[in-house]
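Read from first to last, the chains carry the letters A, B, C and D; within each, the first residue is number 1.
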């Protein structure tokens, strides 16, 4: 069975596994105090051109969103997100679980537009009863978004300036950050993101690691006693080496970027195939997630030989599905899929 | 200064005060175990034609919403509400504070339509990833709504049947219930509401009491150890008599209904005046809240002599404001306001 | 039936009721913005000799403890309390409900000793793993304590200095503060308490009001957007006047102190009676709560004619019970009780 | 530097690593739906002689405690634990973070005695005010305990029977379960534990895995929608294979038990050495944690060549420290340590 249902269906990249093997029997301190975690943090600071960044490793995306948002928000604050944002839809209420409201704003192609956020903020402070409302205390975006779309440099700058104007942090969920960075036409580099965001994370789980996300606080703004808060959320990895060693490998010789580029290259090939064969695209995504409208009959037939994701019903006869490439996708797999299409 | 900004700007109705005075020095047990609380509960059961109802008194509306919703929801569930619902907008995140998401659905004149809720529920269970989402575990409506509108008998029946089909409770926020019940054209009676809702509350704070809401669980569905959960939320009134005595007075000789009728009668007069004078109505509300579009200049002039509520900006030159009548509004006050308009 | 089971079994003091009546029909803004609330706050600031104090009114004791503690603690902090402290035992977990641990320390006659707290704090910071533990972020004491005992001037000073040394607030639960202040031998005045504590509350529910506690932040340390947090906890009283008017009466002509003195005077008489009749005291309490060891047979007989509180079993044949006087207790009641003893 | 500070300072056992490598590039579904997770669950059910057991994998110990306890407790309940229990001391308040109180009871050698729990429960239900208290809704024990001690068969049976009498689940934290099972003199087998506990977990992080704990609900008592609750806590591992593959290896050919036995064997040797050399034992622990009282001078000298854990100060001149062996400890390491002692 061909497998295109997601970008986390394989283990880890070979070099990541190798590094785990070669360090496996070294006695190392726990909780991220090991040398590989420290080394990985240093490499990430360098890749971000952000020597003052504070880097922490967490195991998964929802966990990271939950811990970062809860730790940065004051108790009476909520987090602004696109209504399609992962935290608003697909995290089983992990943010509300910590007592905070997700303040959902209509999305534009999965993105949050600065103008809409500004209008929300202005309306909030304009409202004479806003002391009875949830204060907007952070802006959450994902890049790439849940629709595989990307913020342009200008769009991100606008959000960044707006957040600084209102003195609330801009947090980027980078669960698929590598795939966003390696798109040909994007101008946004990792250092740009470090400059424009107050906190973001570099996703490992979906980009070559067994697990792991690297949270980057960009300007000395890590919450006080952040390790304690990670522990309090049940999110502190005892063998922190598991995360540190993997990121050490991913940020050696640009591995993270090279393998991300593979996903994009494979997606480009696949999109060309879909286009040539006349498939309808649901949305124009430049990254590794491809959203296609299928007739239900066609969908059922295909599903016998290849896995993909249900996205949403379009109408009675059509369904939107998602094909995802990843760091591990090979040209052979694409070719096989082509035959099936 | 004339006062029309809300329906809780006076103390309590004279008979309520009297009852407080006459019972004041009786030694009574605390926490709602006193004879007046018991008596009031019995009277409410009778007024609801619902002998098996379990009645509890809480002090305020947000508190009641928080305690009832949190106590009835399972930990992984959220509550469906209109996006304009009080719990979604004006309770400072009191529901999320308890760990639950408000699942907001677009309103129609402040109301939640059964068809929209059904579509939400169907889409949810249809989604193959719904185990990663917040389960819809309750439907919250307010009657009258935040816009002063009312559910029709059919609309409420549809919601009730839908909730029973999906086995989730229907909860009615009746902070202004009296005002809803006393509208001439409504067919919905208190017994109807007790039949169609699983839990609702009869608002006292806005209808003649100093404070107090009477929560009614209609069919033996009060949460186990509900008193403990009230205490845990910091919401257990030590001198429960304060609530019991007031509701005892309100449900003696139909006082609750009579004083509610006054608010509606006064609102009718006031609406006629607005209409005759050519004011623009923002929404057609049959209850005690009247939403008017004012030119900003006019608004500022009026504000010098009468208080009313800011609702929202309409455009650069116009603002939506609210005038509220209450159990305490007199014809003299309406006449004075007429002069100012 | 004679009633000595608690100090909240009557309504409100006559002057409090009178003030509610005389202000009842005035139209007043909600949420504590009314003139009586402001006036009461001013009178409290004066009574505390603390012009910079920020005063807020909440409805009940558990609610106040929950809101104040949750609002002042950082997310990773807990609150130190005596193991017998009300928040640790009798609030149904209201503090943990907000995510914070109660760090219980063995009591001495219901009190927290500075030396024990210091030892706890030193051990905590000494522990190399304390980043995996709950940070002590506040000290909670009650005065009088749950055993009716009082802190001496020196004991309170020691706690106060310790808290300032560690830069954590000292919070005094004053649900029965009036009774503590009116004990003849105590040196601690209200201004002393305002000087030594960072936040405390003046209990109204148990001292002459229908409900209400006045929270005093003594040096500009009220949490930012405290009203929003009160609302978020479901604890904001819509008709704030209910609280403001009552405290306005209580702090006019020293009413609060005078009626507190009555409880103490009555308790003195009652203790003398118990002593003369050879009853065994469980603890030596100088305030309005008297703890007596009764033979179970005797207890059952008494319980037919007078109410008192079960405290704890002493042994198979004896039980500790509590008799409480209050602002409303009369000499006639004491005399009647004397006959029964 | 010799390393005896903990039992999680190495990566994973060779066979675990091998299994990760050989399955690494297989495309597998996420969230624990993969074949290796299913296989591992089946093997665990067999090892437990408990075919109806429901098994879930989580990444770490604190996370597991938090998710299991929060998911099983009703909202108004707390969890009984020894005051030295991990959840009470070393998890940064992770249980309180979810709204539940830890009801701490004095320990006996790190253990919770059934008689003490019974007395707590009886006192609770005896108390006429218990509706204002936190209901005891679960009993938490760790086996081995934080002191390395073990429950005897009788002690565990007594707790089990008591819990069933009161209809509350008995939960065993088995972060080091393997080490407990492999002690020569213990009678308690894995099937015994499955029979006596309602839920427990088999620790992987400290016994041969990179991360991972296997939670076992022993009689169809897994909480409804448990996966959703795991997700809500931020604890759902996207690449569930990481956990499944490791436990598949650990429960193949009794690997889990064999490597646990190594830790115990090495600890036996080490204890003999300490004994022969006249070192003072702080507590008599039969498992892989050895608690020794050291003179501070000696401690400092040793610390230059071997790592161990600070446990607590004994007096001004002495400190209690912990030496831990693990699945990875070799006889060579013990010999080297012997030389240093």
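In this section, contacts are C-beta pairs under 8 Å (C-beta built on N, C-alpha and C of every residue); 3 or more make two chains touch, one makes a residue touch a chain.
Keep in mind it's a predicted model, so treat the numbers as computed, not measured.
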Task = Report which of B-D and A-D is connected by more C-beta pairs in contact.
result = A-D
Inquiry  = Which chain has its C-alpha centroid farthest away from the centroid of chain A?
reply    = C
Note = Per the C-alpha centroid definition, the whole-Å distance linking chain B and chain D comes out as 50
Ask   = Measuring from the mean C-alpha position of chain A to the mean C-alpha position of chain D, what distance in angstrom results?
value = 33
Task = List, in ascending order, every residue of chain C touching at least 2 other chains.
result = 76, 91-93, 97, 99, 131-133, 228-229, 231-232, 236
Key: Residues on chain A engaged by chain C in the complex (per definition of touch)   = 70-71, 74-76, 99, 131-133, 135, 224-225, 227-229, 231-232, 236
Query = In their complex, what parts of chain B are in touch with chain C?
reply = 1, 3, 5-6, 8-12, 14, 17, 20-21, 23-30, 59-67, 91-94, 97, 205-206, 210-211, 228-229, 231-239, 241-242, 307, 328
Remark   = Within the complex, chain C is touched by chain D residues 76, 78, 89-93, 96-102, 104, 126-129, 131-134, 310, 312-313
